[in-house]
Amino acid sequence: MYEDNIRLIENLMADYSAAIDNKDFERWPELFTDDGRYRVTNSEDYKLGYLHGSIWANSRGMLRDRVSALQEANIYEEQSYRHIRDATRLITEDEPNGVVTVSSSFIVVRTMHTGDMHLFVSGIYIDRIKLHDGIALFEERIVVCDSQKIDTLLAIPL
Amino acid sequence: MSKIIAKSGGVNWPSNKVTTIPYSVYTDEEQYHLEHEKIFKGPTWNYLCLAAELPEPGSYFVSQIGETPIVVTRDLEGSLNAFVNRCAHRGALLCLKKSGKAENLTCVYHAWSFDLKGDLNGVAFQRGIKRQGGMPENFCKDDHSLRKLRVEEFSGLVFGSFSDDVPSIEEYLGTDISSRISRVLKSPLRIIGHNTQVLNNNWKLYFENAKDSYHASILHTFFTTFEINRLNQQGGIIVDSSGGHHVSYSMIDPSLSNDEYGSQNIRSANDEYSLEDPSLLESVDEYGDGVTLQILTVFPGLVLQQIHNAIAVRQIVPTSVGTTELVWTYIGFEDDDDEMIERRLKQANLVGPAGFISMEDGAVGNFVQRAIAGTDEDLSVVMMGGEKAESQPFRATETSVRGFWKKYRSLMEGIDPNA
Amino acid sequence: MSKIIAKSGGVNWPSNKVTTIPYSVYTDEEQYHLEHEKIFKGPTWNYLCLAAELPEPGSYFVSQIGETPIVVTRDLEGSLNAFVNRCAHRGALLCLKKSGKAENLTCVYHAWSFDLKGDLNGVAFQRGIKRQGGMPENFCKDDHSLRKLRVEEFSGLVFGSFSDDVPSIEEYLGTDISSRISRVLKSPLRIIGHNTQVLNNNWKLYFENAKDSYHASILHTFFTTFEINRLNQQGGIIVDSSGGHHVSYSMIDPSLSNDEYGSQNIRSANDEYSLEDPSLLESVDEYGDGVTLQILTVFPGLVLQQIHNAIAVRQIVPTSVGTTELVWTYIGFEDDDDEMIERRLKQANLVGPAGFISMEDGAVGNFVQRAIAGTDEDLSVVMMGGEKAESQPFRATETSVRGFWKKYRSLMEGIDPNA
Amino acid sequence: MSKIIAKSGGVNWPSNKVTTIPYSVYTDEEQYHLEHEKIFKGPTWNYLCLAAELPEPGSYFVSQIGETPIVVTRDLEGSLNAFVNRCAHRGALLCLKKSGKAENLTCVYHAWSFDLKGDLNGVAFQRGIKRQGGMPENFCKDDHSLRKLRVEEFSGLVFGSFSDDVPSIEEYLGTDISSRISRVLKSPLRIIGHNTQVLNNNWKLYFENAKDSYHASILHTFFTTFEINRLNQQGGIIVDSSGGHHVSYSMIDPSLSNDEYGSQNIRSANDEYSLEDPSLLESVDEYGDGVTLQILTVFPGLVLQQIHNAIAVRQIVPTSVGTTELVWTYIGFEDDDDEMIERRLKQANLVGPAGFISMEDGAVGNFVQRAIAGTDEDLSVVMMGGEKAESQPFRATETSVRGFWKKYRSLMEGIDPNA
Amino acid sequence: MYEDNIRLIENLMADYSAAIDNKDFERWPELFTDDGRYRVTNSEDYKLGYLHGSIWANSRGMLRDRVSALQEANIYEEQSYRHIRDATRLITEDEPNGVVTVSSSFIVVRTMHTGDMHLFVSGIYIDRIKLHDGIALFEERIVVCDSQKIDTLLAIPL
Amino acid sequence: MYEDNIRLIENLMADYSAAIDNKDFERWPELFTDDGRYRVTNSEDYKLGYLHGSIWANSRGMLRDRVSALQEANIYEEQSYRHIRDATRLITEDEPNGVVTVSSSFIVVRTMHTGDMHLFVSGIYIDRIKLHDGIALFEERIVVCDSQKIDTLLAIPL
């Protein structure tokens, strides 16, 4: 893959983590295409082919609605995430459509306003990334958590 | 602190009513241990899994009652069995996977094997080797079955009981509850997903929360805002005669104004809020009865939920006096078409650990658990809608929460509470 | 094991003296539970926060007494209030943030709301909806206030008590302690930072450590090495009549030699050690009395520290019988100029979880907790400086540690220890 | 549940036999606390470390008995000493490192120092400073030694005891066990590695597992498959008269067929399986007696293992009623040549936390611990090979497991079990 | 070091983690040379110069045998790993033999089939990598765990 | 930014983590400029603008003194850190002064000599890096821990 495409993808990945970890939530939906898909699932469901997601969206609008709910409707204690990602691996490359499929392992550490901190999630991102006019956006991000267990609640997207 | 009139475990009850609850009921180790004897292993039916998790003869599925691991099997004749997931020899876990298929269950430790009815049918080296060692002559396999439970199925839900005295599941549920379970589980199920929510609170705090119609429109502002459900809809609460089970239901009535709300001036009145992608809420009346929400509980650990087209079963599994796991199974039906499947997937955003109208329920029990630390000698108050635990044609009530305590105290203390 | 003469919780005391302490006092669950009743909810004043954390009417701040969550408010008249941070309805945490501003405290669960004095002033749907449901006629808001504490302020420190019998804070402190608190908190405070140190030991082990002048120059070699403080300085210990509070102070006297030290031949005599950037220790005598170090404790959980120009308040918060949190607040004063601010920031390297002369205190309590596992039937010895708990004009003593046990035993056992 | 005939701690025994074991023995807190008094601090010899860990005068090594931290020293005369790793003053850990070398042990807290025999030889500021403070005149160092243990060495193994009544280590072991320890530890040791396996189960479940010859060829299929060991080899079990110690041994006899196995039709019969690099199993008969496997246990916490040329010592260390640590020390001998060293390193793949024939033992105890949750009123069955705990010339038996319970009950209940 | 060698090494590292985390175990031995060495030790033993390894191999055959045992012989509950690696640091470079020595810090999160997840291991990889004909293989990988403690068992290699 | 500057920065980051994780503490102050600033704070204090640091230095001398105290004066049980860093993000670039501001998320796992290991800290590094004559040094490193809680003590710098 071209060096500059690699840089575009790495920047998209870094922007995604930063948007969430810095609580710049409005930025998050803008990293997806209009018809971008997003799903949080777990390795068990993913293997069994179940389509359910704790968070499930097939439009940027749904992602924006998730952000509004997060900010205007839902009640949850102040908390923040810290993403640590491993290397990005190329899975397939669809030149004509400028779509690249990549994956990367990650963990998220969650810290509550009380100062309690714990390893919240480990898993893998499976991404379809659209490269167009020097811009990279998520056409789809599937978040496959290694565990089916979620502590307390999942307010902030992973 | 008020004077003691009854005591179970380390808990002192101030009266035989169910309107004031000592907080120690959520923190006392002795009480928690007693609950295993009187409730989980007592005359109750405990939800185990969906029959759909056991598709064919030889299927097994691992579940839990209280902290006790249970395995459910479908034997070669196709009937269901359940027993403690513990080998009859030295006590190792028998099934090491969540689910699977087998003709016999063989323990990894010393290879004792059991049939799908839980009977011992093989003991490795029972006769020893070269006539040396082995089991005593008087050893009789029949005395070493797995610890068996009674098991019954209702509308695709599998229940188990340690008790010989509890009546049949239908009698246990009663007609009001039974009919509303059948209403939701109308046809062959299709499982569309699972996950488990770890709750950092005593199991009862979650079960009460599921029965509590008072909080619905207040804690979950998403409800009110999008008219998915609110107290000024038509609706009501059904509590069974034992108190342990309940149904809360409602139907949208858009004509009604929000003034009642404004006047309450509570957090949840927020009508300028609108969705950018409203398809989230495009639901169909799949039951043809206009009921948009039905929350149903079966004592001591099942919640069956229909919110528009989002259908889920929740199993409440205690893991310690202060922690609980909530096992979610999200379902549809075999005959769902693609649109309906997508609809359910979209509406699943409403429920579960990240649900727009349920995520708070995962935290609020923990808010109580933390708030009572150090002062569990005080009392919780359950007076909305009176002192009784009867059915009521409105939802501004805690009647089904009182129902829970009525059933709970009758089992734990053997008394007949004033409710 | 020595014969029992007194017993509290699961702890056996060998005598009515305070020179030998059974280790089980740090491990026994029953004792820990009893401490909540007799000490934290007993006739004591518990430090809650700085008044500076509540700058204006409507401010609230969340703290803790024992394991009980407390909220402190400044009401609209500007006076301070404190109550258990637990809704009077079903017990949810009322304030979910560490601090904030509000006119009413509204519970997220069912929107009951309370004024800043802790009185119930709103019950959602109290009259039901359309005259259906709601609270019983005889329900009276006045019976459902939050659980209130007494609260008093002294020199910008806010204290709370569950007890009606404890005298005023000034009487509780006595003149010796009061005057030395006022000395340090001379003028309007400026908070410069916070953090919390998690201690893997019983709360008493840290409180004793703070009272223990014997260890200062031995465990913390930085002290000795840099002549910040040492036993052969002028100084002494003041213990109040109850024994619970103390002040340890010292003044540098550079003329004195280190020979005493050499002769003791202990780890901390290390004079060739020098700093590359000595500005760390350039301090000013901001109180004009030459006191370079003053450590002050108020029973059961406050430490006020002045080490040169590093000033901090430490709150000791038990989280279980074997774990504790130490909440540090680092302060200066409104009138500090830039140099003084930088001086305080530099000298802050001396204290806190990474402090050159305090980091060891975070670990040594855990060294005891681990060392007594399995053999807590044995006794700890507190004889340095005699058997009594009186004030002494020197610091090679454990008199203030004995003071702690004198106060502790009088509250736990209702006896008057021989000290 | 069967009727109670004996009780220790919170455990009810159905009979005075050792063929049925109540599961509560693995979960009851009271029982676990009593084990510290009756077993770990009782008339037993607890394995502490290898003498090789204390190479020279001044060496010290930190170990554990039950949950109690212990330090072992080699004093300046070269003899071994052991005491609780807890300062005699206020109870801080004395040695903060796993091992080291010192002439005195000085506590970091207040610099009290102790010689390598555990006697107090220095108290910082005992006479105060400038005749101010210090210890009382009547304070006598001799009354403040560390809490000392008896310590004895056998074949390079160091044992400690809190008891004055237990006989010498050789008498405690008996000749059968002693001789088989000496057989393995034939010459000066060389340590080749360490690690620690965290077991999420009660300590007894691991000790039973080590004594359980019944499971060997069934749980560990690697054994059978590669003919490293199987029940139809020559071999047997030796149980000492107390029941607490045992030896299990076997010798390969390739002539014997696998038919016995086939007929049992158990998981482990899998002969087509072959190694790509068979050098793993190229072993030499270093003892010249054809014994390919010898597993030996000493009550309450030592396992000495020889599997071909893989030799290891395992110490069983309880950390709570439900958790245990297994400390592995892998050894060879000073006179091993390079080939032998490489052989031992290769064969080490067979044992330890990742061992082809031992990894399962790290999990199976946890399988029991999880399986008995909520139903520990039930009983475990130990009948393979009869009801007694005598030596037997075959390995299809649980005789050494019964031996464990015979010794355990005699100490815990003071009875003489029928075994 | 040449850019393309860096890429070869990074890909080897990523393939290694992916082979294990995706349970593509057969792939694992193939990332080593014929006489590849592999050892799992801990910082204490490593410092003391002890040669023992919980897992110890000096041939690709031994690695393959480890995989077969894992799949055919040993009993353990279903579990999966998630590797997160820090940057790769060059230690020494032996041009003539085309062998590079590098190290990288890592953690492994282990998730059991029950959903229980925890930080299983932290440590450092010390690798001798053979670069030949545009292929990179491990001549030796020493896994130095920071702790000598291993929870329950070590079935899957690190 | 120029490729070679990126490499300089990445090497500085890696040297920093390695110096601490390998206990090569003397190396640590040398990665800062003479007047280098270092501060360990937490997200709460950082947001509130409090200037306090658990560790606070405004000269390389103070950093060297911290190392001496660590080695000669303070008492703490043997322990080691393991840093895992996420990607480095460029925040601002001040060409004329050759100063670059970057940030990177990190976690630190702490292992005690007893073998007890736990996730000790998660947070973000906010760095001002001086690039001069092909050398990169920290002009300032602010360590913003996500939690205000510190377990037992903070002996070794983060």
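Order of writing sets the labels: A, B, C, D, E and F. Residues in every chain begin at 1.
To be clear about the criterion, a contact is a pair of C-beta atoms (placed from the backbone, for glycine too) under 8 Å apart; a residue touches a chain by one contact, two chains touch by 3 or more.
Values in this document were obtained by computation on a predicted structure and should not be read as measured data.
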- Show which chains lie in contact with chain A and also with chain B. C, E
- Task: Compute the shortest path length in steps from chain C to chain E over the network of touching chains.
- Result: 2
- Message: Using only Cα atoms, superpose chain B on chain D and state the rotation angle in degrees, rounded to the nearest 5.
- Response: 120
- Select the interface copy of A-B from among D-E, B-E or D-F: the correct pair shares over half of its contact pairs, counted by residue number. D-E
- Query: Higher C-beta contact count, D-F or A-E?
  - Reply: A-E
- Relative to chain C, the most remote chain by C-alpha centroid is chain E
- Query: Rounded to the nearest whole Å, what is the centre-to-centre distance of chain C and chain F, using the mean of the C-alpha atoms as each centre?
  - Reply: 32
- Task: Would you mind pulling out the distance in Å between where the CA atoms of chain B average out and where those of chain C do?
- Result: 44
- Query: Roughly how many whole angstrom separate the Cα centroids of chain A and chain F?
  - Reply: 28
- Query: Using the touch rule from the top of the page, what residues of chain A touch 2 or more other chains?
  - Reply: 75, 77, 84-85, 107, 115, 119, 148-149
- Task: Check each residue of chain C and list the ones that touch at least two other chains.
- Result: 96, 108, 196, 219, 360
- Message: Can you work out from the touch definition every pair of chains that touches here?
- Response: A-B, A-C, A-E, A-F, B-C, B-D, B-E, C-D, C-F, D-E, D-F, E-F
- chain D touches which residues of chain B in the complex? 36, 40-41, 65-69, 84-94, 96, 106, 108-111, 124-125, 128-130, 132-136, 139, 144, 147
- Of chain E, residues touching chain A in the complex: 10, 13-14, 17-18, 21, 80, 82-85, 107, 109, 111, 115-119
- Taking the complex as given, what residues does chain C use to touch chain D? 23, 208, 214-215, 218-219, 231-232, 260, 264, 266-268, 360, 364, 367-368, 370-375, 378, 380-387, 392-397
- The chain C residues in contact with chain F across the complex are 191-200, 219, 221-222, 225, 270, 273, 275-277, 279-280, 325, 330, 341-342, 345-346, 348-349, 352-354, 356, 359-360, 362-363, 366
- Message: Applying the document's contact rule, which stretches of chain F touch chain A when the two form their complex?
- Response: 43, 84-87, 89, 105-107, 119, 122-124, 146-149
